[in-house]
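Naming follows writing order (A, B, C and D), and every chain is counted from residue 1.
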Amino acid sequence: GNRKHFNGHIQSLESHIVEDFRRKLKYFFMNPCEKYKARGRKPWKLMIQILKIAIITAQLVSFGLSNEMMVTFKDESLLTFKHLFLKDFKDYQMEPYAIYIKADLYNHIYFVIDRFLHLQNLTMGNLAHTMVDGRTAPLSLCKVFYRNSSIDPSNETFNIDPHIEQECIYVHPMGSVDKCLDTRTNFSLDFRRLISVNIYLSLKSINLQTVRNHELPDCYDFKIQIIFDNSAHSGRVNVVVENNVSIYECKDWRVEGTSGKNNYGLLVFDSVVILSCFASLILCGRSIINGIQLQFGNLAFAPI
Amino acid sequence: GNRKHFNGHIQSLESHIVEDFRRKLKYFFMNPCEKYKARGRKPWKLMIQILKIAIITAQLVSFGLSNEMMVTFKDESLLTFKHLFLKDFKDYQMEPYAIYIKADLYNHIYFVIDRFLHLQNLTMGNLAHTMVDGRTAPLSLCKVFYRNSSIDPSNETFNIDPHIEQECIYVHPMGSVDKCLDTRTNFSLDFRRLISVNIYLSLKSINLQTVRNHELPDCYDFKIQIIFDNSAHSGRVNVVVENNVSIYECKDWRVEGTSGKNNYGLLVFDSVVILSCFASLILCGRSIINGIQLQFGNLAFAPI
Amino acid sequence: GNRKHFNGHIQSLESHIVEDFRRKLKYFFMNPCEKYKARGRKPWKLMIQILKIAIITAQLVSFGLSNEMMVTFKDESLLTFKHLFLKDFKDYQMEPYAIYIKADLYNHIYFVIDRFLHLQNLTMGNLAHTMVDGRTAPLSLCKVFYRNSSIDPSNETFNIDPHIEQECIYVHPMGSVDKCLDTRTNFSLDFRRLISVNIYLSLKSINLQTVRNHELPDCYDFKIQIIFDNSAHSGRVNVVVENNVSIYECKDWRVEGTSGKNNYGLLVFDSVVILSCFASLILCGRSIINGIQLQFGNLAFAPI
Amino acid sequence: GNRKHFNGHIQSLESHIVEDFRRKLKYFFMNPCEKYKARGRKPWKLMIQILKIAIITAQLVSFGLSNEMMVTFKDESLLTFKHLFLKDFKDYQMEPYAIYIKADLYNHIYFVIDRFLHLQNLTMGNLAHTMVDGRTAPLSLCKVFYRNSSIDPSNETFNIDPHIEQECIYVHPMGSVDKCLDTRTNFSLDFRRLISVNIYLSLKSINLQTVRNHELPDCYDFKIQIIFDNSAHSGRVNVVVENNVSIYECKDWRVEGTSGKNNYGLLVFDSVVILSCFASLILCGRSIINGIQLQFGNLAFAPI
């Protein structure tokens, strides 16, 4: 009788535990709406998730717009450099920009130097020469050529040393005009040996546009490379402009009027993003731990 | 017997009423062609509708052609303004019209002013300066800039006040040439602070073309806005021309020769349109009333 | 017995006639290949047809090539007129050729007159002035304008007479230069009333190119019309060049060397075409007659 | 008994032969993988084939790259000639390059001669005049015209001899300037008879670009033909530039530094290609012979 009773008790206990486990499992897989119906609990976890998605989207859009302004500034700057430093450059040109006559190449090179020297009087942008150790960084005019070669197409003979050498002349924007004229008179190219003429410039700029969006203007450092490529020796010298830009925060800045006020707003917004992400992390972690506890049957301590 | 007779009579009456109602209903839903076959009535209502459609279509086409002439005039005027006021403007240019050199911007601005001052000697259109209180309206040359700023890209430092100010100079077309030269000497731009240069013009024109279509020419008032946009400070200044036009009847006009005669024709035509529309309205109303009467069984007074 | 025999004879005759008719009908609808197999007749009729198709195709191709040369000459001539008479005309221009400034219109008109006067020293083609009664045909410079009008867009008033008048000046290519200068000084346009300036030219040319294809060169008479269209009075004057050409045999011509020889060849070829077409016509007619005879049973005389 | 025994022996022998043949046939059609499983033979024949494919592919790619460089050089050279010898040539021109005015044609011809005479001072490529018997090859300026003709479009009369004649003037690049001026003063064209002006040039060049790929530079011989085509006599003279190029090894050459070393490498590589192709040929031949032997049952000597 007792044995039977005990067995019955055990069975009832087992069925109770199983029932309890089933209930917990069912509750675990309920969606917030069903939880509210079952126990009347308000879906605040769901609301935290929705809030998180909304503010992260807002942050992304803001970041994207700020980034687009940056990309536009870079593109417009490259276009500006082409118009400033390339002689007779036209936007609507479809063919590559190329030179065919010796004198034209010299003129194009002198044009770049002139434009570099008088940059401050010419450009309408916030462009300025880079300062290195208190001096303005010079323009480097480098000619790349075969070390030694005598080429005579008429007699179909050539004697060539394929080692490549480079010689550079530095033009300082603050140098006297005489020096520049010297550069011109001393600068000559042996076109038979010439592989390319490379001009390296370094310019700085500030993207003021972002001030109106209550963001801090960034400083831009442009490394411009103008390559007159004669490597084919076909009589056609292609001109390529390359532009490496590095963007960083300016050293010293002050925005009058709206100083700080808006940055506090951004700080608060960022804090809310961090808090909501952190809360979401904790809630997810708890949910995963509960799931593991349910899986291994350690149900007694499951705090659901 | 009597009862039976009376019942029979009632039944016959009922069947008569039903028959009559069915006949009226059938007639009500007949098309004009069937009505003509059934009662020999000429389909004059149908002919009124067809006439109405034809004359309203004619009126629409006439209105559309007149409108197209107006739109073409507006478009051609905008093109004319671009060619008159923009230096070296080319139609087949695909890229946006932009400036890169300081001196070019000054030249473009002076070009606009020169063209405005000598407009009467240059344009072949019916363009003229606007008169305000007996004086010709001036050209407004406005520069928009940050209130205060010192920007030094070389040292990566800037101090900027994002409040925007605007300063305007007014150039009167009847002013002496000396004044204009004064304008030039006094006009200078601080490109570091400059956001944009806006030029506002006001011109009037008359679209004479419509005279040949026996319509009255309209007067046009063009508010032209030429914007040199330096807001990006990338070194590229985009030039945009905007054109707001208001069209109204001229104050005082006289068309010799065909005076009035043609307007009477138009008046008669408009009267016919109004009459036919009114007749159509009455006929439609009658038909709707008949339909309602048929629906509520009040058949005795239905005058079909 | 006799009757039976006669009937039998008749039947045999009928069956013979039917058989004969069937045979003729079968032969009539045979193709040339089957006829050759059946009776061994060579398909010379087929060969005549094939020959006819071949030579007519050759004639068509020759005619088409000759025609293409004519069309090309007309197109190239129109292009030449545009380059000769329109100032700064460019081939690759996509937009309509238009003028916006008063002085430009005068220059364009004088340019046309200059080019017309010095045509013989300029053009590389076989172009020449047209001769009328021993004198060279003049250039007609016509201005089309409203008879009377005073337009004041500033005050929004106008007084217009929509009747259109035309005034023409004639410039003779052999006239003295003084006269031409007179034309210039006396030529003035009231742009407020001006609807269009039309220039009418007449030039002659000879398409020598066909000589090398052993064809006779044709004479061309070009009626060129250059229209400066100000009808919109929008400030934009469109320039349109129209070219009416009439082609005819030259009055007096002599081609040395190959004179006649080749024309005899062409004559022989044309004769062959005519002969083969005529033979084909006769054969087709015979076939149709045979068909009709077969249809009406008049078989005895059918010569198949 | 014996007979039976012998028959049995024969049957056993036959079955043995059939079995042996079947085994050989099976082995013959095995793939390398199965052969390795069956007899443990390493698949060295397969590896030879794979090696062959790899090195032939490498050779093809190397040949293709070298060829592409050659094609690019030819194309760029043609473009260079157009820019050097055609006046006001623009890359982005869509329409054919054409001339309409007599003076323009003379200027274009003189431009070509000037550019040819001063080629060494103008071009940046390795272009040079061709030497023939120790003298530089001249530029040939040929005019092609109808032998005799008097054309009068005004009177619609012409007298033409369709025989074509050609007259040439030779301009030597080393000739004195006086002679060149003589050429100009004596050079005149009768445009009525003129069919075309052809200019023939001969230039040499060396494609140095290949040095950097450790290949030997080739010598190029350009035969350039500039045709001013007036055959249509429509007033439009089309200008066509044709370029026939022959490529050959230069007569005398020396590449310093890497002399020979790399050529030995190429020689070794080519030897490996030849050896592997030869080995592959022998193996294929052996396999075919084996197959034939198996087919004709001559199995005893089959060395499989």
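FYI, a residue touches a chain if its C-beta (ideal position, glycine included) is under 8 Å from a C-beta of that chain, and two chains touch if they have at least 3 such contacts.
The chain list, named the UniProt way, goes like this: A, B, C, D = Mucolipin extracytosolic domain-containing protein.
Here the structure is a predicted model, which is why all the values come from computation and not from measurement.
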Exercise. Specify, for the interface formed by the sequence copies subunit A and subunit B, whether it is same or different in terms of residue numbers shared by both sides, with half as the dividing line.
Key: different
Quiz item: By how many degrees does subunit A turn when fitted onto subunit D using C-alpha atoms, rounded in steps of 5?
Solution: 90
Self-check item: Cα-centroid distance, subunit C relative to subunit D, in whole angstrom
Solution: 46
Quiz item: What is the distance, in whole Å, between the centres of subunit B and subunit D, each centre taken as the mean of its C-alpha atoms?
Solution: 65
Quiz item: When the C-alpha atoms of subunit A and subunit B are each averaged to a single point, how far apart are the two points in Å?
Solution: 47
Quiz item: Could you say which residues in subunit B touch two or more other chains, in rising order?
Solution: none
Quiz item: For the complex, which residues does subunit B have touching subunit C?
Solution: 72-73, 76-77, 79-81, 83-84, 91-92, 121-131, 136, 204-209, 211-212, 217, 219, 250-258
Quiz item: Quick one: in the complex, what on subunit B touches subunit A?
Solution: 93-95, 98-103, 105, 146, 148, 151-163, 191-192, 194, 230-237
